[in-house]
Amino acid sequence: MMRNYSVRTDLALEEKERFESDDVEVQGVVLEENYDEERELRLTRVEITTENGAKAMGKPVGTYLTLETPNLAVPDEDLHMEIAEELSKYIRELVDKNISGEKKKESEDLSVLVVGLGNRDVTPDALGPYVADHLSVTRHIVKEYGKYAMGMEHACMISAVVPGVMGQTGMESAEIVRGIVQETHPDLVIAVDALAARNSRRLNRTVQIADTGIHPGSGVGNHRSGMNEESIGVPVIGIGVPTVVDAATIVNDTMENFIRALESSESLKGVGEVLKSYNPGEKYAFVRELIAPHLNGMFMTPKDVDEMIHQISHTISEAINMLFMEQA
Amino acid sequence: MMRNYSVRTDLALEEKERFESDDVEVQGVVLEENYDEERELRLTRVEITTENGAKAMGKPVGTYLTLETPNLAVPDEDLHMEIAEELSKYIRELVDKNISGEKKKESEDLSVLVVGLGNRDVTPDALGPYVADHLSVTRHIVKEYGKYAMGMEHACMISAVVPGVMGQTGMESAEIVRGIVQETHPDLVIAVDALAARNSRRLNRTVQIADTGIHPGSGVGNHRSGMNEESIGVPVIGIGVPTVVDAATIVNDTMENFIRALESSESLKGVGEVLKSYNPGEKYAFVRELIAPHLNGMFMTPKDVDEMIHQISHTISEAINMLFMEQA
Amino acid sequence: MMRNYSVRTDLALEEKERFESDDVEVQGVVLEENYDEERELRLTRVEITTENGAKAMGKPVGTYLTLETPNLAVPDEDLHMEIAEELSKYIRELVDKNISGEKKKESEDLSVLVVGLGNRDVTPDALGPYVADHLSVTRHIVKEYGKYAMGMEHACMISAVVPGVMGQTGMESAEIVRGIVQETHPDLVIAVDALAARNSRRLNRTVQIADTGIHPGSGVGNHRSGMNEESIGVPVIGIGVPTVVDAATIVNDTMENFIRALESSESLKGVGEVLKSYNPGEKYAFVRELIAPHLNGMFMTPKDVDEMIHQISHTISEAINMLFMEQA
Amino acid sequence: MMRNYSVRTDLALEEKERFESDDVEVQGVVLEENYDEERELRLTRVEITTENGAKAMGKPVGTYLTLETPNLAVPDEDLHMEIAEELSKYIRELVDKNISGEKKKESEDLSVLVVGLGNRDVTPDALGPYVADHLSVTRHIVKEYGKYAMGMEHACMISAVVPGVMGQTGMESAEIVRGIVQETHPDLVIAVDALAARNSRRLNRTVQIADTGIHPGSGVGNHRSGMNEESIGVPVIGIGVPTVVDAATIVNDTMENFIRALESSESLKGVGEVLKSYNPGEKYAFVRELIAPHLNGMFMTPKDVDEMIHQISHTISEAINMLFMEQA
């Protein structure tokens, strides 16, 4: 039942919530939450440990760290440096987990390719390209002068690319990145992308970091093929920020409220009952039918999306810059 | 009843449809439709002739010309030149109607300020700025060398400005434009803006040209104060293209389908009846309640909005360029 | 003699140097220099006090503060905050000097319009527009909610506009700004523009702040009409950064070296003597003749101009933001 | 002698002129010129046929077609379509020459990767990226639906990429392109780049098409490694437009005039003689010395470079689109 529909979300955290609403215990999925009340930072850790868990969640086995904070949207330089430090801690955790033992020894000299996925010309999809814009790339300098030129004992070689979207390039982002990886041999890829959330309250206040890369159908741009160690050849850390919600989801939210409203109405109680008996999957499928087909391929986004994207992209670049400078 | 809710649309055409769905005859509103089947061009002319008509329509007295064609979204240079020619005919009609007799005599030497409203940084709101970018401005040349320098017997003085949005400037677009008009004395303002449609099928295939200017709450950017002859000091022709639909509207569309679905369901027939008895206003108000408040201030737009905006802005600039070159 | 040629520079500081090379004492021009060795900050203060001084300098009577530091081009957040603080001190000095007594009383509640001059589409000319982009505008908020909404006892009303260049708008920037000033009544205008320097060593490491506004022929875009209290109606503080050098200037630099080279050459000593006898004006005029006319209207700029412009525009916005936040 | 200095130009045509000024016959270099007076189109064909010719020219063996026309800079849609048609003829010639026999058979179904070299953020270097922006890519469509979906019997697979510059990516453009070529297997690469000209009169009115790809030191961005069949693995057609002239070149032009001026001056005749005896190489080396070192890494470009770049990039995209549509 679960498998033959999907609530459109790229957040493991939201997949998990779906089950809670069904009071279902999911085998092979561990959820752990920490809330730092004072700093208003909520970290949710979803570990998918078994293939069954993966199947139920519709997401691959791996670790999904989600940081939620209203401050991501607050224009305050200090708050953003604080958040960047948090993020770089989590990215570091997944980098260390995914770099093989012998690499780890020299992990102060990692070579990392940062990929800014998405479409620079569609505001809510421009997060990845903007992160790449703000990054301090070092690979060419280290290669030409050696790390000592940079007055460092260790230096990571950071490179960055904005592959563009298929409508602009005629190629899958994954093809482009795979080619560049085979040519420049980074130890690791960090792919940054705008995501679609299930719950519009999460837009522009949530960052998900996962060691499973980027999956098909993720993000605004709907990549047809995913990016992970299997397809790219090196471990892929995916960093995503939900910037849009899709039409069907919004409508679905309303239906839930609608049905609740019906239940409390005398004359309409009947419907409430019947509809209530539907499970979320059935309701969602039902809604999908009701939405005119031309609604598919439309997304919803806040009016101030431009400021959000600019701010958040700075914070994420900062986190990545910190991470690999610390190492030096 | 009508006054205490509003279906969010900037298209007079759609306001009119609302009433038809109620089988209401509207005093002081004349609707006329022409469809050129071969070229797939539909022109709808809405004339609001009385204050009552204006009240019922929630739009000022004036002429609203709406051109609809799927070709607006087709990447074909020839089709776009054809559409540009149509558009320039309609703009010309409203220009002539609004230039006072004695001006008309010399109307080959009109001075026109084109205003590109909206936010360059939010894709679906960038239509106005892009139109301004592609315009051939001539005012400075005519002023410096005279029209003969341009090898013309007559020459319009075209100027253009992109005022930006309040979040960037701290000023109302109307304040900026009023100031520039008082300083540079154009005979006419043409204001181009992205609009919000009621029906998502109309996105990126519809152009509305009105001699009532731009009203508050129009467009993606939600201007607080309107732009018309009264506020700006010279006649204002508004050119708008719907590029977004707002959240509540989408949900509302679905509800209508939902209710229809209920009617046809045995078990739920009852509800269908009851809900059917609600008028669109009531239904819409009902939906508004159901939508979480954070949905307000969100809009829905297609994923290929960037290509649409680029194409359509070229076509509209072309129409304006033609208009005032013809005159020469 | 001096009047019939002009070495193309927008920096008062460089005009002054010209005379030194001639060992001429200039009446009505006071020059004062401070060098903070440790922080590598050089402040040069040029006061033009009389009409004779103005005539000799080819610049209006007023105060010209020039900050020079190599750090302006160094990508270091802390250095830039330090420079921003310096700059805001100097801007503040000129603001206070130019706000009339009774205004000064309430000077915590100043209303300021920041004008980002230049062309967003030509990298070295984009400084002004970028500064406007990064500014925190407050006028609309203060006007709607009052300063208390901002949790402040005093609040300046900051507004910003990017008028565009004549080729895009068909209007003089000065016309646009004058209109907006008459409509929105700021107490003061701060106009930011990219300048042309005489000495390429000064590019991207120099900021000039003057209470004489912007003069014709300044900047990359070559405004035809200036912006000052007389033309705009309120005091105009000009903030400029040299980002280009013009062709003739570069060639001129070389000629000077060439002539020096000739002097030291036995066979060519003669020429050296003769040329040496020319004064800079004559040499410059001579060079102008030698340069093919199509060189006029060309400018020279460094290859990394994009990073420079982005960095420096951030620093200047920061300085302006600080200035009017302090006041609160 | 020739080898120990280089006049900075990317145009084979200009290298050739250098020798003419010396009245030297160059072995292994064939020059042929056609001028279409009525259409003001000049085509210069430089064939470098031997290694000696290559050495003397400082350019690899191959065919260099240069189209010069003032109309490239004239904003006239019809003129640009005419130029685009000319260009597509020349590109076609070099494509056919470089596709191996068995490929030629199926040459209606070529797979081509267009590379937009340069830096989107530096106006005169943005030509390549803009050409890529305006291209109709088809590879993804042909791959998914087959050419019949496009209602064609034959269909080329066009893909496009904007690799960015080393300062942004930390990688050589050549590394990125090589990787993508190995992954997506195009038959051919077309690389578009902004060039540096020797003669400022050629800026923005010249297009060079060469089957030798892109060489190190070409363009504004100064790529360190070239792009040709050897380094990329498939034939590389280079399309270049000179958009900048470097500082030393401008100065050099002036010196030439200066020396001519000296000859005609009685008192200075001596110098004229002596300098005249220098050959261009010596003069250039002399000038290089005279220019302050900080001038290196600066370029000169016209003030209206933004309009030029936009116009010319459209024309070149059009030429490429035509080329591969014709084939269908």
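Lettered A, B, C and D in written order, each chain numbered from 1.
Rule of thumb we're sticking to: a residue touches a chain if its C-beta (ideal position, glycine included) is under 8 Å from a C-beta of that chain, and two chains touch if they have at least 3 such contacts.
Model, not experiment: these values are computed from the prediction.
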- What is the set of chains touching both chain A and chain D? none
- Item | Path length in the contact graph (chain B to chain D, fewest steps) | 2
- Message: Centroid of chain A to centroid of chain C, CA atoms only: how many Å?
- Response: 44
- Message: Using mean CA coordinates as chain centres, what's the gap between chain A and chain B in Å?
- Response: 37
- Task: Averaged over CA atoms, how far is the centre of chain B from the centre of chain C? Could you give it in whole Å?
- Result: 41
- Item | Residue list for chain D, restricted to those that touch at least two other chains | 167
- Query: What residues on chain D touch chain A, complex-wise?
  - Reply: 132-133, 137-141, 157-164, 166-172, 175-176, 178-184
- Touching residues on chain A, where the partner in the complex is chain B: 119, 121-123, 167, 200-201, 220-222, 245, 247, 250-251, 253-255, 257-258, 261-262, 267-268, 270-271, 274, 287, 289-292, 294-295, 297-307
